[in-house]
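Next, two complexes with subunit A in common: one pairs it with subunit B, the other with subunit C.
Entry: the complex of A and B
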């Protein structure tokens, strides 16, 4: 196994167990919310997805910073995988959020909810990460520019949240409160288990992605050695590192 | 500092001789005002609507200027020359953002009267002082982020596309504070049917948005300063 991807098997098992536990708690243990009913249970997947994906973007920024400092390609790979996974998670998060908003407030989209709006802006920004990488051919430069983008984006995430929250406070009275500051114990427990499960899922999937990319590189090197350089098709242009 | 000044002077000389960027931005802005007039079908805009139209037009003009910012360096070997010279690379960032800032300021000297003419917001003259302060701060944000994004985009194959799609989300916090702040400056009281009076005096909270905008300027400046060097490596 690759030196950069360790503990994949125990991590996978832990993810599986936590996820099953979290879902069981969600459906069989957490009480049904009085106002919103059964559909409120989407909260236990939506909010963890959102939190984990935002942390994933920031993590991508930190990995990008490490790449800029050290110049080691593995940091570029980590940064790429973190942002890639965070993007997938946040698409899931925003779809789940939209469903919840429709069920709870009667609208698919609510502009007066700052968390939702700033989340959308962050997604719009990070959607450009792949096109940016794809349009730079030189791998060295691709990695550097992507790292700069990741650092800027990672720093942008919290700031954007502050500004959007301020703007909503001024324009609209605050109606909703997403933060479960006063969740009853059973709901809080379920929520934290699900948060842990989604975080573990993020880590596991990210590691699998890294492993897949490294294995692909390794297979290529072996094919080159066996078949000779001219018999292996050159790598097409790609947004992914390697 | 001397290096930055030299690059800035070079850019301004080129711009004065070719008139490539600023006139295009100005024409674009005025055309956008006219387009908004037809899209909205209003003879006069006020309050948040006026501020929004103005802010969005300026942002798009800034994107236009941003796209052109590094093209000459890229196409005529300016980057190579700069990298060969034993100078601090931050000078390039300073010079380019100063150039973009000046372009935007010149653009606004045309755009502010044009907006008064075409959108005729009530109380525009009285709000002008506050508007200028907002404009200077928002120019700073547009210039800093524009330079950063432009330096990223100029080495990509699809730079005219990559620049705006990265730039627009990053500019949103600046746009929010500018639009809300100026919206409050241009706010009106409805006195009677069809009769409005501008709100003036100390009680509009535009000042808080000035602060948010200024903080965003500082934040983006620090961030851009920290990462810009990496964008100039060969």
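Entry: the complex of A and C
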């Protein structure tokens, strides 16, 4: 059995339960915030998506580093899937944040806000990951160059985060600080459950993605063995690991 | 100072609902779209596997016809191993 299949069913069930619990807490348990009102509910999905996506980029960098150290293709696959999922989560996070900004600030986007702009820079940086892979035909070189990119990009994420934190002029609300944050208990509980739900969702979808890629590769190899190389169409250029 | 509102008479409550709904619907739509794409890809893989299984069966049938009457030593073990492989593939794809 594939290592990606292991624990996939319990993980899927845990994700569903946690997500439903998180949404229930968001809408039926967490109180309405005094200053922002009902629109603050967006915070419970926007912030976990942003945090998990940034962690996904860092994870992609760590997997890239593992590939460079070991040369095993499975690390390249993990790095690719982590960055792929992080990009999807980033899109969800940035759009949810933009909707919140429109409701809270009256603008969809504020260019003078360092947190927003730096997050956009991170997304745009990782948007070049897939074209980079696609531009390299040789799988070995593709994996190596992509791993180097993932490591550099992954290191850039926390650096970027620290720089933004150090900036003095900002508008964006801070959820966490060195004193442990300023959320009341019920809001904090809801937030952490949603954070866990989004993290589990990331892990589950990443495992499914890896399983799909692995199955496709196995099917292709099986077809090649059955029909012979000359009867199977050659594999075209692909951004995904083969 | 408490961040929790004690009343529900927010003037902007109704206008906020559309923003909150919009944000959650968008995020859920992204997730469901992704899951749907995954399901389509998985379906394609399953169809391809079914085709490969059919090819294997055809090949086995051809071999059975050409080698009729000649018992191959260890043939039962080969069949059992193939069935085990097929079962492993099936259980993998059930997830």
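List of remarks:
What we mean here is this: the second predicted complex is superposed on the first by the 219 of 242 C-alpha atoms of A that agree within 3 Å, B and C clash if a C-alpha of one lies under 4 Å from a C-alpha of the other, contacts with A are read in each partner's own complex, and residues count from 1 in each chain.
Methods note: a contact is a pair of C-beta atoms (placed from the backbone, for glycine too) under 8 Å apart; a residue touches a chain by one contact, two chains touch by 3 or more.
Predicted, not measured: the structure shown is a model, and the values here were computed from it.
Looking at the shared chain after the overlay, A:189 reaches neither subunit B nor subunit C.
Of the two partner chains placed by superposition, only subunit B is touched by A:144; subunit C is not. Of the two partner chains placed around the shared chain by superposition, subunit C is the only one that A:88 touches, whereas subunit B remains out of contact. Legend: residue contacts after superposition of the two complexes on their common chain; A:46 is shown touching subunit C, with no touch to subunit B. Of the two partner chains placed by the overlay, neither subunit B nor subunit C lies in contact with A:239. In the superposed model, A:55 makes contact with neither subunit B nor subunit C.
Within the superposed three-chain arrangement, the count of touched residues of subunit A is higher for C, of the candidates subunit B and subunit C.
Of all the residues in subunit B, the ones that touch subunit A in their complex are 148, 152, 155-159, 161-162, 165-166, 168-170, 172-173, 176-177, 180, 205, 208, 212, 216, 219, 223, 226-227, 230-231, 233. Within the complex, the subunit A residues that touch subunit C are 1-2, 5, 8-9, 23, 31-35, 37-39, 41-42, 45-46, 49, 88, 91-92, 95-96, 99-100, 102-103, 182-184, 186-187, 201, 205, 208-209, 211-212, 215-216, 219, 222-223, 226-227.
Residues 68, 121-122, 124-125, 127-128, 131-132, 135-137, 141, 144-145, 147-149, 151-152, 155-156, 159-160, 163-164, 166-167, 170-171 of subunit A are the ones touching subunit B in the complex. Subunit C makes touch with subunit A in their complex at residues 2-5, 8, 10, 12-13, 15-17, 19-20, 22-24, 26-27, 30-31, 34-35, 38, 41-42, 45, 48-49, 52, 55-56, 59, 88, 91-93, 95.
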